[in-house]
Amino acid sequence: MAESASRESRREAASSLAERYRWVRQWTEELCAPLSPEDCVIQSMPDASPARWHLAHTTWFFETFICKPFIPDYRPYHELYEYLFNSYYNAVGAQYPRPERGLLSRPTVREVYQYRSYVDHAVLDHIETAAPEQLAAMEGTLVLGFNHEQQHQELILTDLKHMLSHNPLAPVYTLVGASASKSAAPALRWTGVPGGVHSIGFDGGGFHFDCEGPRHRTLLQDAEIASRLVTNGEWLDFMRDGGYARSDLWLSDGWRTVREQGWQAPLYWVERDGAWVQFTLHGMVPIDPAEPVCHVSHYEADAFARWAGARLPTEAEWEVAAAGLPTEGNLAESRAFHPAPAPPANGGMSQAFGDVWEWTQSAYLPYPGFRAEPGAIGEYNGKFMSGQMVLRGGSCVTPASHIRATYRNFFPPSARWQFTGLRLARDA
Amino acid sequence: MAESASRESRREAASSLAERYRWVRQWTEELCAPLSPEDCVIQSMPDASPARWHLAHTTWFFETFICKPFIPDYRPYHELYEYLFNSYYNAVGAQYPRPERGLLSRPTVREVYQYRSYVDHAVLDHIETAAPEQLAAMEGTLVLGFNHEQQHQELILTDLKHMLSHNPLAPVYTLVGASASKSAAPALRWTGVPGGVHSIGFDGGGFHFDCEGPRHRTLLQDAEIASRLVTNGEWLDFMRDGGYARSDLWLSDGWRTVREQGWQAPLYWVERDGAWVQFTLHGMVPIDPAEPVCHVSHYEADAFARWAGARLPTEAEWEVAAAGLPTEGNLAESRAFHPAPAPPANGGMSQAFGDVWEWTQSAYLPYPGFRAEPGAIGEYNGKFMSGQMVLRGGSCVTPASHIRATYRNFFPPSARWQFTGLRLARDA
Amino acid sequence: MAESASRESRREAASSLAERYRWVRQWTEELCAPLSPEDCVIQSMPDASPARWHLAHTTWFFETFICKPFIPDYRPYHELYEYLFNSYYNAVGAQYPRPERGLLSRPTVREVYQYRSYVDHAVLDHIETAAPEQLAAMEGTLVLGFNHEQQHQELILTDLKHMLSHNPLAPVYTLVGASASKSAAPALRWTGVPGGVHSIGFDGGGFHFDCEGPRHRTLLQDAEIASRLVTNGEWLDFMRDGGYARSDLWLSDGWRTVREQGWQAPLYWVERDGAWVQFTLHGMVPIDPAEPVCHVSHYEADAFARWAGARLPTEAEWEVAAAGLPTEGNLAESRAFHPAPAPPANGGMSQAFGDVWEWTQSAYLPYPGFRAEPGAIGEYNGKFMSGQMVLRGGSCVTPASHIRATYRNFFPPSARWQFTGLRLARDA
Amino acid sequence: MAESASRESRREAASSLAERYRWVRQWTEELCAPLSPEDCVIQSMPDASPARWHLAHTTWFFETFICKPFIPDYRPYHELYEYLFNSYYNAVGAQYPRPERGLLSRPTVREVYQYRSYVDHAVLDHIETAAPEQLAAMEGTLVLGFNHEQQHQELILTDLKHMLSHNPLAPVYTLVGASASKSAAPALRWTGVPGGVHSIGFDGGGFHFDCEGPRHRTLLQDAEIASRLVTNGEWLDFMRDGGYARSDLWLSDGWRTVREQGWQAPLYWVERDGAWVQFTLHGMVPIDPAEPVCHVSHYEADAFARWAGARLPTEAEWEVAAAGLPTEGNLAESRAFHPAPAPPANGGMSQAFGDVWEWTQSAYLPYPGFRAEPGAIGEYNGKFMSGQMVLRGGSCVTPASHIRATYRNFFPPSARWQFTGLRLARDA
């Protein structure tokens, strides 16, 4: 009887893992469904990758970390794919140069879907037949693979948007989800974040990235955080006030970047006949003053905050403020793929999850006691802890099951092609 | 009766033009038939363009210079295509930046074929219905368009080869035409080119590019020219003798380029297990010593000639030597798309046409009395007369009907991605 | 009587300020005394400035912030010097481009000394004659000017060393101070840094930079810090163990830098006949294993710490550990201008001040409650709080009166031309 | 008696060589006399060298090619100078990188003068004591050394002008020689250059560079050449007519350069309060419409000629037109160091020598039958025969004894820092 129950429980565990596997993998392909083969192979900058590469690399992840170590007699799909689709895991081997991902016309998109199918069959078959201890051994890596693929789902859309934006034809990814808001943004209110010793970092059950821990105590000063995100309307005020032309508002690196890049507005904003429009995944649309500003760099967010007489929150302040909130919002599942105006004020912090990633004033550094895991998996986060700033809260292209209050995203302060915005804070 | 004869003659002229139009346009599409959409949109360097761009640009040429000026009520296919597919004609308008041709996933390849079809119908319909004087007025531009498209047919293959060569999978364009020669190259003999006053440049009937004229007299010293092209075997001797490591053999610019680029062999040559192989449109193949060396720059050709105790011919010497020869050889119609060993010696200059473009020691400069034509068509050649060297004779990817003894091709001395080789000359 | 006492006190204050002014200004010129005019005008990289520029810029500082605002009828020495010798104060006006500081042969070094003399007379004359409230008004800026000039005294030597190091003649700045240690370094011991809430940041009287405050409470975990700096001998072990070739030891940005720059040893180390020597201000000398390693980047320091199974200290840990120590050590006044081996162990943290700046794992960010001052002076520190790492403790080219436990120096993680080294830390 | 006469003749030959040696060497030092040490060590771009380098390199030439091979027991001045001051002679050995010539503060200028003195004594002593056959053996190289040093005398001034021009202080090299012309330029007339077979190239006695020969026959078409140089006034007309904004006037490479570099006027021209002034070796002066335009590139010269409905002369046309003229004009000995207006028309070609080097439409290529000499001396000219255009006639900074009708100078078509202008030609 006990054995049978255990067998049942194993079957359920396997079933659940298989279902999640299918669900994650299918969502990736759904995102790519509207794309032509041509859309899938072009690389618009070294930091962005073609959709075809994301489709293959996420598959490479499962092949490398599940199939090869766990499946007996697994026969790799193609000997060169390990080299072509390894992103940055030095422990696994050499990598095809990142800036040249756009030089590859082969494997074709169709061939990459075949690769996906091959690996999917192998993984699912193994999940369903593996012994309980085998399943247990690979569950952690499987779940990491799900989360890894979700990260690439977000990148598929951000990289695609960047690529399409260069096209004078302004191609439309999807017409669904485009909608003009009618209402104004609610007034900004300030919510207290009490000083004192708080604990931050992940400590619950379930999956989390290594950099989210260890949970530890930290000391905050009294502060306040804005009830909603900064809006396009507020950003237009900043622009009208000469925000991009006043050196006193900017960090030194930021000011140099503004001049070198000629920034005069957020990325994807274009002035046409005296009015601002923006390129979106739904095509060119007018700027809606009620929507959260998006596609601004940390430099811009920092300058805006200084202009507004405020500052960016630290990541600890943000996490303390968001700790009790439900992880709901305008996330990828809403299929809007575009930030939306804040709901009417409810007294607390709204828009914490979804819409836009929120720049903080915290550098991406290890928490006290952090140790990278050994081996290739340990390269996941730790080695990027230099020169980057922490972002919190997820965006309109982040899957809901992927985000949580302790989640630490990170990008260089000059990055603009992610769905990035800001929320203000100030000393109390 | 006279009228009828004239009508008949007009019909024949129209018919002949239409047939040539169809033939040229179809050959372009045949060349692209083996390509996937992915193959057609990737740009591997600023100097090379994706096949999709060539397909569209050659169509843009007919739309711009035939449809718009000559066809009443012609409705342009797409308002933005003029901008997207103009190559360098400043007189026509702004151009989408050349180095960013690889950023465009749209129009898709399918849409570009529809564009081709639309313009083809318009042009052919107009050819067949135009009044004789209309036909006469546009015939020159039509024929220029044929020759223009033939140039791009060659570029489709050279640019494609360059792009595919970056792929570790070494994709095969076509298996047809690949063959290993068994025979050795015939011994090199020297053919006299007598000194004195010769006339060079185009003077016959039929089409020619403006830079081929005016025909004029020039004074040569007594010289000799090699009976065949330099072979891979001879190039391997040069390499073994330290050719790429001896500064005394090189022009100063060439030597700097060798060191900066790390050149150690012709482009597409790769050393594997101690032997040299090369990437071709038929995949990776061993180096055949009997074949003409290909994909060498002017700098390399010049250094080789110095090493060999000889020199490159001037373009006048080459033209005088080739003047009486039939325009036959290993040209695109042979569908080998790869240079072939010289035939047995016949006492004169063999391989003059086809196989590889032959670098000369002449800079690409205007002939005495040359004047560029006014307007956009005048931008075709004259404005490139700076910093480039003349090549003669066509290559294995040049259509036979496109080449002739007076044809002046030109590339910068560092260019290697065309099918370029050399023939030696020396003072008599 | 009271008036007289106050007059006396004013005279003493003036006298003291004048003496410090003379002392600081003279030390700058002493540092430059061994230099030829040629040594003073060459710029070896955009980040480094010629000595002539430092001589002029420090003078510009007093002219701009003391003479012009405080001295009635002050006549600027030269109308263009404000433009030529402004470093980065946007609020003051345009700046001659930093990377082109080495393009200026004029003003000659002699002319710059005349400029110094002119401003010195004006400042000293004003100090001695100013009314008490005038003196009080400008005292803060004067003292900032002293500290500013001390920073440039350090840069004069670091920039000079960088420039001289490019010269195959290996020029010697001074023969004085060069000495080979005979003794080995003392064994490394670990000193506890107790966890809990500590206060860090400046709070005493006297001068400090704005970024050292406000003093605030911070929460530490239990940790340990090394008793001495990492030595050349330990660094050689790291190198022999493949430290520069093992990607697993490096931050991602660090690893890219290692490969791009071809780093194989600290800056200024050269391998000669199988042994390592280093360029110093005393010429080329053998590597002494007992000396602290110097001229390593943050990337290298971080990789070394990982290799050693330790980590870099946070700046808070360092400050807590150094809080009670006297600011003594191998500082500029010892005129060694080169790091020295640690003294025999004394149970605590040695070499805290002097020898080499110590990289921490802390990004250079504002302390809680930090606000930049308004106007040009506010550009001093705050605007650099992005992309840089904190260093602590001063070096062998830092004046003793310039350093203290709360001092926060900062450089980008790739910088190596400062006298930078490291001390290990670990979780307790 | 015969022996005595021969001894006498030897003494005279030696005496004459020694006198020329002294004269050439002294003129170099006279040119540098107004310079501070600071002026002598700064490099303003990779193509230009500091005066200190020219002073040393010309000395290196005599040490390398006279002292070392010809003087028994000659002891080189410094073992590293061969490396530091070799320009580009690969046969002699490695070279200190050209773009880093400005990184060397040592040897100081004073030390380089000592080096000059050391070598001068050795050379002069040897000239005066060498046996006749020794003298004969080294005479050719000595005379090459004189001409080599004269080339560097010109470069000292062009490189210095470029360096000083970056200085907002607009330093004055010399006040002597500056003078404003009052008269207008004479009207442009056309002089016939008859077609037919002409001989060009050097064939007389005396020194010439290898690239000036062999003298050979060439065939010209009937042409006409302008009686004087193009003036600033004519250039202003070109500018007012949009010359720098009309793509149809430019070679493709030229047009790209115009846009990339933002050219709107000749080098050193600056617009001030609506009027054009130019930086000269005498400081900033207004543009004189009567003076020849100077510091224009080949691209600009070519565009101007096209705008004027003319063309540049070929080098053969220029040489035929100049063949009979005396080598007189505004050359370095006039110490004006600035071009002067043409004298009143005299029916022929004026300003052929001096004022400005005249761009031709000829690429710098070998004459028929040219062979570079073996060894290091053979690197003098031949290896630069790629990517450069021929200039003729010398400039206001060329020594009179250095120029002749067959002299072929050469620079890349984008170069502007030499004293370069143009003269028009046209088909007859």
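Every chain is named by a letter (A, B, C and D) in the order it is written, and numbering of its residues begins at 1.
Simple rule for what comes next: a residue touches a chain if its C-beta (ideal position, glycine included) is under 8 Å from a C-beta of that chain, and two chains touch if they have at least 3 such contacts.
Just so it is clear, the structure is predicted and the values come from calculations on it, not from any experiment.
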Specify the chain most distant from chain A by Cα centroid.
D
Report, in whole Å, the distance between the mean C-alpha point of chain C and the mean C-alpha point of chain D.
47
Just give me the whole-number Å value for how far the CA centre of chain B lies from that of chain D.
39
List the centre-to-centre spacing of chain A and chain D in whole Å, with centres computed as mean CA coordinates.
61
Shared-interface residues of chain D (touching two or more other chains) are none
Once you've mapped the touching chain pairs, tell me: line, ring, star, complete or other?
ring
Pairs of chains in contact here are A-B, A-C, B-D, C-D
Quick check on the complex: what are the chain C residues that touch chain D?
36-42, 44, 52, 80, 83-84, 96, 100, 102-109, 163-164, 166-169, 171
Mind pulling up the chain B residues that touch chain D in the complex?
88, 90-91, 197, 216-219, 221, 247-248, 250-255, 298-299, 302, 361-363, 365-366, 368-369, 379, 383-387, 413, 427
